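As structure tokens, here come the structures.
In the two complexes that follow, chain A is the common piece, with chain B as its partner first and chain C second.
Entry: the complex of A and B
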């Protein structure tokens, strides 16, 4: 009895320690976003202060972050959507026909440093007059989303018993029909995982957006730097912008957390 | 498929059509001058009928974007802001700056033009200059009964007197590469240099004496963790009232007297010339920002019009009136403008423009690597309070490494 109570306490102490370490930066960011510059740099740090919404007014008023939100959403949703369209059939094909080489090839695209793509892309997009267009950004973000989707989904499809589609095909369904009517509906958790992860990767991408976007299509991670000026950093603004950017990602993760964990481990053990 | 090509053709046509209207693309930095200019651009558009597509970026993003675009050879940038000391050598060598033959440079301090002139041509119009100054707390110096230090010996004595567990006596950047620029005036005032005639010389006796002094005063009377501090860390200390004296660039003056950012009343904050060393006083005064035209611009004439307007005497006055330390001499002589600018700032500028040295770092293509090397010396010196016996052999070794960097880019012995 004593032993188990000790374990109980030890468990919560550990959980608390880990949570503290992980959550402290968030707490710092959140509290700073409601502080004035003077309060932010005050030493020792002020835990009690007069909160101000001024930083958020700057983010959404002076800086027009709604526009950047729209840009990030358009790019993220379109890139993930297009990647699902191409990636799901590809993943299915890799899983069923054991196209190992193809899957390695796709992984290589993801492993290559992104910057090596930038120069050729810049040349191609500027020749086509596509600079500062959503198309260029969406295509570039597909490089981030597509491999994630293909890799998660091919191992997921691997775990779906082939007997299911075989019996459908015995009943006269084509392979396409079997894929769309049998396999896809069974793969909900996997698709949710792949979609969430690839969307967050696109949402946070900095490098591609930095070079391929301009004022009209600027995305959120680039816009945070609007608060970093020469020899001057508006910490309150940076923190408020960071909170605003992280909110959708955190919300999305919390909403689909159950699926994400399930989806990631689904293909791990084959039965 | 047909539809795809139709869209493609349409997009290309639209792109071509828009190139025929009078339009230029301008890249600015996140900088008070860039902000001011951006807000004034509608005036330019109305007066000339030229449409300006403007974009502001944080400085390192700006460099990344410019280098990526220029490297592909198909950039559409016409005019851009540039940091001469950081990138001019490389940009010039790569042929990314257009020469500015018709531009009248007579209103600029001579030393500000030397870094952007290659051969006989000048490639960048200086916009903003900054120079090193001593920021100090009037109230703390008064309480200690000391005058504003005039020499480096005074500075050390004053720092010693004021230093307490609660308020650091003195601070300056100590974080390796970041410290190199702020150390430079100390090196000059001791009679040394980083580079001389295209060769690294920071192992000379005067330079080493300066490095030892810098390590001694920071190690003894500086804030804790001085070797990891750049301006981002020191300015908040000063603003929070935890620091009595600070040597850094003049650009921070506005922020430390701003009541929205500082806990120290502006009346308690002073600004003075850098203390003199054994070889007099020659603070750095550098062109931190300039403006240039892209070599491959397709709108040379329109770009020239924009550059002339953005760097004009009138605009310089306007910018100085909002406390941006402009390069043009005429702005600093304008009576109306001087009414609203702090007289101590004006006098430190006048001193630096006359006696200053136009570089605050080893001016070379591999400036980043060279700064890292010299930064190692700074950290060793601070950690040992200037007493390390390893400094001399280290300096010899690092000089050799910087010379190798110079040789790699064909700049060794070239000046």
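Entry: the complex of A and C
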């Protein structure tokens, strides 16, 4: 009896430790974003301080943060939308016709280092005068989104019973019609998973945007990175910027938690 | 009628065709182009046309100590990070694999580092590692240990970066292993209890062997991603101090977009590509074997 109570306490101590370790950097980022420079450089570090919104006012006021926020949104939404158009039919075909080779082909795009395509893209997009254009950025981010979408959706379609479209086809509908009017409307959860994850990956992407975008199409991660290089010592401002960039991805994750877990762990577990 | 019949009959190819075409143009062709460039000595800033030099470009790059160091460092970083993540991640999964109050919340917490923007994460850790105001040195001072320079010291920079990678990606292994544990059949457990096995025996002789394929898959997935780690290293150190935290990906990026030595950069990228490809083939092999 005594031992089981000890184990119970020990268990919650372990859970709490894990939670604290995971949360602490987020907590420190958030609290520093409300600190004045004096509070940030204080030694020993201060847990109690008078919060200020000064850093947020400065970041959103002086920096073109709203513009970068819009750029990130435009690129992310367009890339995910276009990738859904290409990826959903491809995933359906992989699932229904058991095209294992094709699924491996698309998976390779997820595994390969992005920089091995980035160098040629840089040369080609410069020649075409497409540097700092939305189209180049969207195309590059599509290569992030498409494999995620095909990967998640092909296994989702795998789980949708074939009887559904077969009965429609018996009634005279073509297979492509059955796909669009019967299978797709039933695939909400899968599409939510694929859309959320691929949007987050595009939102967080640093390397492609760092090379392909300049002042006009600059996305948030680049803006945050540049902010640090220019204003190394202004930790409060940098932390406010970091909070602003992480907030959308974290909100999406909280909203679609179950889907995100499934999407991230899928494929690593058999079945 | 005939026309719709054509679409339907060839749906298998027509449906994925746009996606295949896109990947061919955006990935396969660029990779081939990079491979071609690796046999040249093209330098974008020199203004000279590109010259085919064949394998001499490889010989030249392989003689650079900076490149050899980066290759070794890439393996060191990856091996260190994945090893720690596998042990910690599996331990956390084994602890959390039971019903308890707040389990849903714990799973949400584990997701947060995985979706957080790596560049921003790197900046937050730079604040921790700051030699004068950072919490890392404050923790050391409480313990009575002399201060370290963390990412500003060539001797500690890789370990400090591994810590960040471990913080961000251990939850990935935990979540995958948790999903694997949830899928285990209960029969061996019942049999073991009937036979009077202790909990420790059950853990080592039943649970771990059964969940091992999942742990291995998670480790290989992590290996492929860790080999390519770029955002955190580039944002936190830019490959420094000196060249001391340059991995293949960071070095390839600098050769390409800071020095514009496209030929030599391509050789580096071919190396990185080959290493990642080998690991990816390993993934497919392991997946095939565990899916029987």
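Quick notes
Just so it is clear, the second predicted complex is superposed on the first by the 238 of 271 C-alpha atoms of A that agree within 3 Å, B and C clash if a C-alpha of one lies under 4 Å from a C-alpha of the other, contacts with A are read in each partner's own complex, and residues count from 1 in each chain.
Going forward, contacts are C-beta pairs under 8 Å (C-beta built on N, C-alpha and C of every residue); 3 or more make two chains touch, one makes a residue touch a chain.
Remember, predicted model here, so these are calculated numbers, not experimental data.
After superposition onto chain A, the modelled positions of chain B and chain C overlap sterically.
By the touch criterion stated above, A:19 is placed in contact with chain C alone, chain B being left untouched. The wider contact with chain A, measured as residues touched, comes from C rather than the other of chain B and chain C. In the superposition on chain A, contact is made by A:119 with both chain B and chain C. In the superposition on chain A, A:130 contacts chain B only, with no contact to chain C. By the document's definition of touching, neither partner reaches A:170: not chain B, not chain C. Of the two partner chains placed around the shared chain by superposition, chain B and chain C are both touched by A:211. In the superposition on chain A, A:239 makes contact with chain C only, while chain B stays out of contact range. Of the two partner chains placed by the overlay, only chain B lies in contact with A:38; chain C stays clear of it. Shared-chain residue A:48: touches no atom of chain B or chain C.
By the touch criterion defined above, A:29 lies against chain C but remains apart from chain B after alignment on the C-alpha atoms of chain A.
Residue overlap on chain A between the chain B contacts of one complex and the chain C contacts of the other covers 41-43, 118-119, 122-123, 211, 225, 228.
Looking at the complex, you find that chain A touches chain C at residues 11, 14-15, 18-19, 21-23, 25-26, 28-29, 32, 40-45, 85-87, 89-90, 92-94, 97, 99, 102, 104-106, 108-109, 111-124, 139-140, 142-143, 146, 150, 174-176, 200, 203-204, 206-207, 211, 220-221, 224-225, 228, 235, 238-239, 241-242, 245-246, 249-250, 252-254, 257, 260-261, 264-265, 267-271. Considering their complex, residues 4, 7-8, 11-13, 15-16, 18-20, 22-23, 26-27, 29-31, 33-34, 37, 92, 95-96, 100, 102, 104, 106-121, 123-128, 132-133, 135, 138, 167, 171-172, 175-176, 178-180, 183, 213-214, 217-218, 221, 224, 227-228, 230-231, 234-235, 249, 252-253, 256-257, 262, 265-266, 269-270, 272-273, 276-277, 280, 283-284, 287, 290-291 of chain C touch chain A. Residues of chain B that touch chain A in their complex: 8, 11-12, 14-16, 29-32, 53-59, 61, 64-65, 68-69, 71-76, 231-232, 236-237, 239-240, 242, 249, 251-252, 255, 260-263, 288-289.
Those residues of chain A lying in contact with chain B across their complex are 36-38, 41-43, 118-119, 122-123, 126-131, 133, 210-211, 214-215, 222, 225-226, 228-233.
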